[in-house]
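One chain, subunit A, links the two complexes that follow: it is found with subunit B in the first and with subunit C in the second.
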Partner chain A sequence: MLEYKRDGWKAAICLAPSLLLMCIFTFWPIINSFIMAFLNNYYFALNRSDIYNSLMDVDKSFAYFMGGRFTGIGIQNFITLFRDKDFLIALKNTAFIVFVSVPVTVIIALLIAVALNSIKGLRGFFQTVFFLPYVTNTIALGLVFNSLFHVDYGLINKLFNMVGTSWINSGATWGRAMFVLFLYSVWDGLAFKIIVFLSGLQNIDKQYYQAAQIDATPRWRVFTRITVPLLSPMILYITITSFMGAFKVYSSVIGIFGTGRYGPVGNYKLLITIVGYVYDQFDVSGMPFGVGSAGSMVLFGIILLITLIQMQASKRWVHY
Partner chain B sequence: MERKKEEFFEPPDAGVRTQHHNVEVRLENLTKEFTDKTGKVTVAVNDFNVTIPSGKLIGLLGPSGCGKSTTLYLISGLLKPTAGRIYFGDEDVTNMPPEKRGIGLVFQNYALYPHMTVRQNILFPLVNMKVPKQEALALAQEMAELVHIGDLMERKPNQLSGGQQQRVAIARALVKRPRVLLLDEPLSNLDARLRLQTREEIRRIQRETGITTIFVTHDQEEAMSISDEIVVMNEGIKQQMDRPQAVYEEPVNMFVAKFLGNPPINIFEADLIGGRLVLKDGEVVADGFTEPDQEVFIGFRPEYLRVSKNGKITAKTDLIEHIGRDTMILCEIEGYDHLIRAIVPNDMELKVGQTIKLDCVKLFVFNAETGERYR
Partner chain C sequence: MERALYLDPNELRRFKIKTGIARFFTYAFIILMAAFIVVPFLWMIFSSLKTTNEIISREVTFFPRKFEWANYSKLFTGIKAIDQYGNEYEAFKPMPFHWMFFNTIVVGFFTTIGTVVTTILAAFAFSRLNFKGRELIFTIMLATMMIPGEVFVITNYMTLSRYTGWIKSANHLENYAALIFPFITSVFYTFFLRQTFKQIPNELYLAAKVDGTSDFKYLVKVMIPLSQATITTIIILSMIGTWNAYIWPSFVTNSIYTNHLLVSNGLMVGLRGASETTGPNSILNLQLAASTMVTVPLLIIFFSFKKYILRGVSRSGIKG
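Up next, the complex of A and B:
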């Protein structure tokens, strides 16, 4: 114990650079946006004279803080946020990706991993195939989906004789566009999960399976009663990290629809997500920073809550 | 499925009702070869012929890596033999999958499902057999009582001691009333005291259930104490099968003689000259051999030696150790540079460095090349 204490300062020195960077790029922005979220009518100005000038014609009672001015402290930003239809749409879209595509991806990844684990020949080949999306750029993959589902020359429409059906081009319905995004999310998320599950499966003692075989355990019961419980720490880890990732879904939507758009031409906010919404608040003119901050606080709160629920549930279901 | 619980617990001599549960296990020319990636072939089990009588407990004994586990896995069906056949009674089970063979297997490290309670572990085989819930619960409880873990049913395996885990594993193997029970070094993870206690327990359970049991171990003492008969195995080849005492007293070759016994048997070279067994110092210790003149190995167990005035072996005591009832002496013998052990009664007045004469009440003579026993 004592030795650890004496070495404390050494550890502190080693950690200092990264701590400093964390402070600059993580902690300070978090604190900052937390504060901003509760400043009503916060106006950010890049330089002092801007603020001074605007002071001339706006209410003199405006307070100054963090290079900007505001009219008071409160939940004005949150009210604005939840009155904005775009934000509600973003919530809905994000929720769909999180609660539909993540579980589907986890389940498919698990099944593929189990299948891969049980085959002998060609295993390396299949492993490579399923790992490819992982080393492929998200945006590039999005472009692939974009062309696969193109209304006129997309492979899917040609294959199923549906040329003219718009998935992601103008006139696409929410359901169709979301279907593409869903497929894309599943495909994009599979690789990493399969690899993690495979390594988990390889760590399960073969004797459990031999014992199960001797006891004439049907395959599905081996899966549900042995494989899944023994893999549950990994399933939990994958589910939590995937949920967190999915709540922040953004680049895949851009990948499918193109720069600055969350939907097809003519309906460019069709699949807007929370992060997309927040990002849109921070345009160069720098106006409603407060609402953007409030949006990210809401996102933070949701992720925290879901994670806590999962951790709680895991106490019951996960076997370490 | 008509199951009467009581019939399970009756001792094997209770009559015909129990007899169909346990079967004779017959291995005919059983061979298992493993080929690794480089094409190198390991013959783990080599032309094995053994008949294990119904309802008996057989110890499969041999050094580590000699193919004991492989033999057990072949019997269980988890491994397929390269050649040879396996019979349970009259039934040829060689190509029968493990789940159809009706065997119970206790793995070396138990392989209890870590996420299930003791009760769920014991119930697991019954659930697969679609035994009705109530009946299954009762059977599991009864089996747990049999192995004395009835009050631990709600615990997880990691909340149990090694000995308790081992009992759970046995209960799980027994609960489905297997025709054959296979135990793979079940005591190797236990400490010395628990090992002693548990092996008696296994013996008791086996007697009470009357199941044909094969008990794998590399510990000769364990095998000797627990088995009706032991099969000694080396490098995949069966060396000898007999009652423990018979194997100990009449080993068929030098390997068996050396493998059994603690403290180990004394082995050294001697010569057969004209039918007489001559030590290196010229003493004749036995005669009447018909084998041609050659160098041989002679072996005698420490307890076969007696200190006697007209003994033929001249020895100088090197170390005297009192081991409870007896005294073990380590001594140098004339003409040899290695030490031998002798166990003598405590009342001998011996001093270190003293020259004594030893007589040998029984000795084995082995072929120097093959280890085959001449006498």
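Up next, the complex of A and C:
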């Protein structure tokens, strides 16, 4: 490496816009959320906290932070969080999406990619079809899935002669509503995974397959012994990113049920997710951001833990 | 030919049948999954052209019997209905699509310009300049990609409402500012560009140095033209990102001002509770017409820039 003059000041100029924006909109939020999670009864009322305080007759022992007031420092937010039934429902729903729909999507995507890779005719056409959902608008397609499963006018109910069976309308059970959300997540998630798997498959050396052919290896064995091990880095990458994405599931639920709703009429919290719970804290009057921040810290902790576990587990079976 | 000599003709026939069956099942699987992907799109487009009578009829129709193009003009004009007391009310409020498209394009344009400028400068610093702490700063930036988005949303909402008057502002430009500023840099695009910049041979840089070219001129005259494909990908993905943005806009835009809405929010606000309306008042066809209006531009972009979009995918996703 040729040694040239250090470019400290040039780098400072080049990085300044990016770093400045990140300090305000990325680094500060991380610190702030962490602090807020540990402030008891933190109320941030849009520069009106003084009026709010006099109205609410709060304890005199408060202090200010970011224009909001709090009564003390502790883990009260986390206690509130885990005592809230809605949060526990949110944990359950998010866990279902993460641990059921992600593995199913990954397996289906892998099968589609392998199938696509093995055919010759119409391959380009099918590839385009499978890539289609990649750029779609979550809200728009949520409405479409809503209409597909509409209680009276939906395609599914008309087709299978089950008009009156409520999937996402009032009276829907958790299982049925979750099934629609599950289908939508699979539909929405396939494209990205297929694209990544296909590009991975195209990089596998053809010689492995030729060797297997000479030995007359059965297809499923070729799949489990050659394709899957050689694709394992891609599979790991996809599972980690999909898990992270699935923990943040929110827009698709909103898309299916409508603004501020996580379930059918009469049971708005049926499919609430962790992110939905956190955002809901905005709408509560007085805005207890502390509980919301505690919720997002819990989410961050879970994501970090799962990712670390995956990284550890991957050491056993990922072939680089 | 040589090989055929050693093969038992019976075995050869069995082998042919076997591969034939395998191919049949492969195609059957692909076609089935392709149908799963395509049906929601077709249902959306076809149902958006059905009359309300056809929507609410018990018969199963997929393809519209009569093309009701008026559905699309009703999106702009709204529907008036008369309730049981003889009073006129708005069964469907007109949706400000012209504003939704215009706002999204304006916000997308400025977000994209800002993102491209800041990420090019940062990627240049990380790939070409030599300064202390380069790897450390880069690692810290990458690490923030793991943190769930709602951590940022809560604090950014607080920061903007405390120090600016942009949140839910009645002023059009202030609303734009709130939508644009937090998003004019991106860690992922910086990373993506840095990888591209690193592939440009160092010899070019050294040759330019010998000729006395300044770093800035080298960036503009050599690196940017050589990375055109990557920059195009970033521009397209960033525009699509704004088109699909829902969460942040839903917090900072006041939906009372319908001319401030972006597409996803407009869709949500306009169709709130739509699926619960039944009988002749059902607006399922309008709901799907609105979804089509939002989806079709995306599909056009997808087909025109497929190559560029897929380039970005193999690195990471835009959804999340």
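We adopt the following convention: the second predicted complex is superposed on the first by the 296 of 320 C-alpha atoms of A that agree within 3 Å, B and C clash if a C-alpha of one lies under 4 Å from a C-alpha of the other, contacts with A are read in each partner's own complex, and residues count from 1 in each chain.
Quick note on the criterion: a contact is a pair of C-beta atoms (placed from the backbone, for glycine too) under 8 Å apart; a residue touches a chain by one contact, two chains touch by 3 or more.
All values derive from a computational prediction rather than experimental measurement.
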In the overlay, answer first, second, both or neither for which of subunit B and subunit C A:Asp215 touches. first
- Task: Please indicate which partner A:Leu155 is in contact with in the superposed arrangement: first for subunit B, second for subunit C, both, or neither.
- Result: second
- Touching A:Val104 in the superposition: subunit B (first), subunit C (second), both, neither? neither
Of the two partners subunit B and subunit C, more of subunit A gets touched by chain C
* Touching partner for A:Ala95 - first (subunit B), second (subunit C), both, neither -> neither
**Message:** A:Leu236 in the overlay: touching subunit B, subunit C, both, or neither? Say first, second, both or neither.
**Reply:** neither
Contact-wise, after the overlay, does A:Ile195 reach subunit B, subunit C, both or neither (first, second, both, neither)? second
Practice item. Figure out whether A:Gln207 sits in contact with subunit B (first) or subunit C (second), or with both, or with neither. Key: first
In their shared complex, subunit A is touched by residues of subunit C numbered 22-23, 26-27, 29-30, 33-34, 36-41, 43-44, 47, 55-56, 58-60, 62, 117-119, 121-122, 124-125, 129-132, 134, 137, 141, 144, 146-159, 161-162, 167, 181-182, 184-185, 187, 190, 202, 206, 209, 215, 240, 243-244, 246-247, 250-251, 263-264, 267-269, 271-276, 278, 282, 284, 287-288, 290-292, 294-295, 298-299, 301-302, 306, 309-310, 313-314, 316-317, 319-320
The answer for subunit A against subunit C in the complex is residues 2, 4-8, 10-15, 17-19, 21-22, 24-30, 32-33, 36, 44, 46-47, 66-68, 108, 111-112, 115-116, 118-119, 126, 128-141, 143-148, 150, 152-153, 155, 158-159, 163, 168-170, 187-188, 190, 192, 195-196, 199, 219, 241, 244-245, 247-248, 250-251, 254, 258-259, 265, 275, 278-279, 282, 289, 292-293, 296, 299-300, 303-304, 307
The residues of subunit B that touch subunit A in their complex are 76-78, 98-100, 103-105, 107, 109, 111, 113-116, 124-125, 127-129, 172, 176
Subunit B partner, complex, touching residues on subunit A are 205, 207-208, 210-218, 221, 225-226, 229-230, 232, 319
